[in-house]
Amino acid sequence: MKITGTFLDEITHDIPSSNWGVEEWARDFDAMKSVGIDTVILIRGGYSDHATFDSVSLKKYVPLRPVYTDLVDLFLSQAERCGMDFFMGTYDPFLVSHQRDYDVELKINLDFISEVVDRYGDRKAFKGWYLSREISTYDPSFTGLFEGLCSHMKTMKDIPVLVSPSIYGKKQFANPITPEEHEKHWRNIYSRFSGYVDIVAFQDGHVDFGDLPLYMQINTSLARENGIIPWSNVETFERGMPIDFLPIAWPHLRDKIETAARGGVEKLITFEFSHFLSPNSVYPSAHNLFKRYCEWFKSTEGLERGKVTPVRRAEKIFSQGIV
Amino acid sequence: MKITGTFLDEITHDIPSSNWGVEEWARDFDAMKSVGIDTVILIRGGYSDHATFDSVSLKKYVPLRPVYTDLVDLFLSQAERCGMDFFMGTYDPFLVSHQRDYDVELKINLDFISEVVDRYGDRKAFKGWYLSREISTYDPSFTGLFEGLCSHMKTMKDIPVLVSPSIYGKKQFANPITPEEHEKHWRNIYSRFSGYVDIVAFQDGHVDFGDLPLYMQINTSLARENGIIPWSNVETFERGMPIDFLPIAWPHLRDKIETAARGGVEKLITFEFSHFLSPNSVYPSAHNLFKRYCEWFKSTEGLERGKVTPVRRAEKIFSQGIV
Amino acid sequence: MKITGTFLDEITHDIPSSNWGVEEWARDFDAMKSVGIDTVILIRGGYSDHATFDSVSLKKYVPLRPVYTDLVDLFLSQAERCGMDFFMGTYDPFLVSHQRDYDVELKINLDFISEVVDRYGDRKAFKGWYLSREISTYDPSFTGLFEGLCSHMKTMKDIPVLVSPSIYGKKQFANPITPEEHEKHWRNIYSRFSGYVDIVAFQDGHVDFGDLPLYMQINTSLARENGIIPWSNVETFERGMPIDFLPIAWPHLRDKIETAARGGVEKLITFEFSHFLSPNSVYPSAHNLFKRYCEWFKSTEGLERGKVTPVRRAEKIFSQGIV
């Protein structure tokens, strides 16, 4: 089981910019394709006073900073060139004054989603929505926001909706949740998600590696009970270090991939390829992580006939000295 | 409007060393020149128990660590080779025991400034003083330190004095200042600076991008009312991220440059080229930022006849594979 | 006096992984050898739920994560290839539930040490033990743990035991120790170490550079009074910066090396070559630090006849473009 989807993290909250232009992004989509990635997910359509395109709707509500590049068009074009599916993220009003007022957040996003469909609705690669907000425990009004957003998305363009929640776990929170509490919260959330959200890809970095199988078992069972498809977001960055958000150690990544494969999820995506797993990353340790990943990929190749092409292509990238 | 000045950040407070020797510095001065930088500003002459040259005067007051390279001579030589102006920074006694005793700080610096003029006063590139201390709100005794330092500098060598203050803004402080309070504080500071300080280049990273035009308007008006030249310090590092002090996203930098150009400042300098904007930086994302900056530079070229050379030179640097 | 030993920091507590495989490690051992490193020290045999080999003994006590590479065999093989001595680290139960229960920690390690000798006891490069726990002030029960571990190590394989303690200094602690208190604590610790611990290599990064000579004098005197060999752990990373644990500024490193040489220690080791001083490091500033170190190395060469080979080899590495 390989990682076949990745987030695209422009308009970032916490990851430093690579300052890539079109050429650099094209090269990275080539690298993604070389290891079998077929799905790209734009983490957000807009964030605070920044947007991924020059959005008329956002400007009605937010004093938007200038947008110099239409990132949605850029990513759709690359996805189309590489035969990938593109999931479009929503707007997150973080740090704007009406922050965390769910009514305002819904109102802005209804407009924003309509504008997205107006502008990009016919694009070939536009195959899914990504609801950018991350939920970890049950909150009726927060869950209500999800329902409102999903309803409108599906009305405007009826394609799958993906979310990527986090476990309220010990690697981030001082008062972490127990598996029992988690199950209780998510029984509520999933029942509310049913019919709205199509795919749930839990982030896998908030609990100890040893606790992951149990949480994954809870998550996949509850998802299937509610007709929702379970994926896993196999994070490729390390958590809990003095310098946070750097490429993960390869044994940790392999451990989490193999855990997810055993856990019965249907697809692996990652946050995210371009900074943490790419041969083009601004972090040199990501280049080595890519090499380790490709070696492992190749070692499992014999078991998956007909899927040999990706790694051959990755090797060619190395031998051509692009890396 | 381009960035034509940069700080040189050796004897650093918060930025990790690149560990460059003479050869690497020479290469970076070439890169600076290639994009039109004509002014370099040494951020400090000394800091705590470290100095930029083996200073006899500092040793009278501070248990100075060994100095292996005369950085002032190194930077003056490079500036002379490249036809740039060099601004010399003062001594900051941070973390030494008599820290923040302004009388002691003044006394040490009077001696230090005299020694600097004795050693380097005749150097061709030595064209300005940089008063290293950063002020953000009015404090009579702190402002008095500025007056004492400037008087002595101008007596020893009568060249322009530059300062680079910060706005007491929300990106650094929990209780940020309002624009009205800022104006009140700086009306006092500028009236005291008048006749002492020649140039004020505010750091542009402490407030929201959207608030920058207002603060810039206040700063430039007050400067001109008091006969002081307004520059802007267009910071090339990002603030407010989990990993602080990494190269800024190109859209943010372009936004700030264009805001400053509209704001009527007379020159743009940056903190600083070598870590955050250089094709030689130890941060790979800075190499990409340099590419984006040069692309933009070139796109505006047609509007500025006779200034085509810098980018051509930068392109040559890339094509020769120095980067 | 040169750095002739380095830690190997896999199964890391705080340094991000380089994601090196066998090939990259072999290349780095070549680089170590090129500058005269003859001793490598594995920082830990295991840590929390991770181990450096698939340890049967640890699994009895700890829910160990999968181990994909036998790092002990890898490092022993490289050390044997390069004619180096290898010191083996102990297990640190940090973050496991019975954390900081010294009886449990001793019990696990007795088993672990036995297993290590069973598996690797005959390996040619296995020349020392490294007791991974760091002590800074006297604590009878913590010191007791050291005695219990050393007794068993020497019974199983009678080779030197190395420890690398820290000074309870101002660069890490808000209530730092005075030199007098440090001497009192360490008079107690050294008397208990006598007969158990063979070599003490204090970390040199917790106090001001100017205070290092005094602490070093205390440490070497007390060591020799108790029949213990004093080395120094010349840290190659910077402390006290906003981004911690990045390669140190070369003047700081040179200052500390020359201080240690004057302080009368018998050998210099470092934490650690591969991230902070290596031409192969994932941090570009480490490449420059290696260049500066080699330049200095070469400049002192005339004084040390017959030792010219290492730097010549390092230069060859550069000229061959391996860097």
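Labels A, B and C are assigned to the chains in the order they are written; within every chain, residues are numbered from 1.
Quick note on the criterion: a contact is a pair of C-beta atoms (placed from the backbone, for glycine too) under 8 Å apart; a residue touches a chain by one contact, two chains touch by 3 or more.
Predicted model only: the values in this text are computed from it and were never measured.
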For the protein chains shown, what form does their contact graph take: line, ring, star, complete or other? complete
Do chain B and chain C face each other with the same patch, meaning over half of the contact numbers show up on both, or with different patches? different
With chain centres taken as the means of their Cα atoms, state the distance from chain B to chain C in Å. 39
Using the touch rule from the top of the page, what residues of chain A touch 2 or more other chains? 243, 283-284
Residues of chain C touching chain A in their complex? 12, 14, 16-21, 24, 49-50, 63, 65-69, 243-245, 282-284
Report the residues of chain B in contact with chain A in the complex, numbered from low to high. 208-210, 238, 241-243, 246-252, 254-255, 258, 283-286, 288-289, 291-292, 295
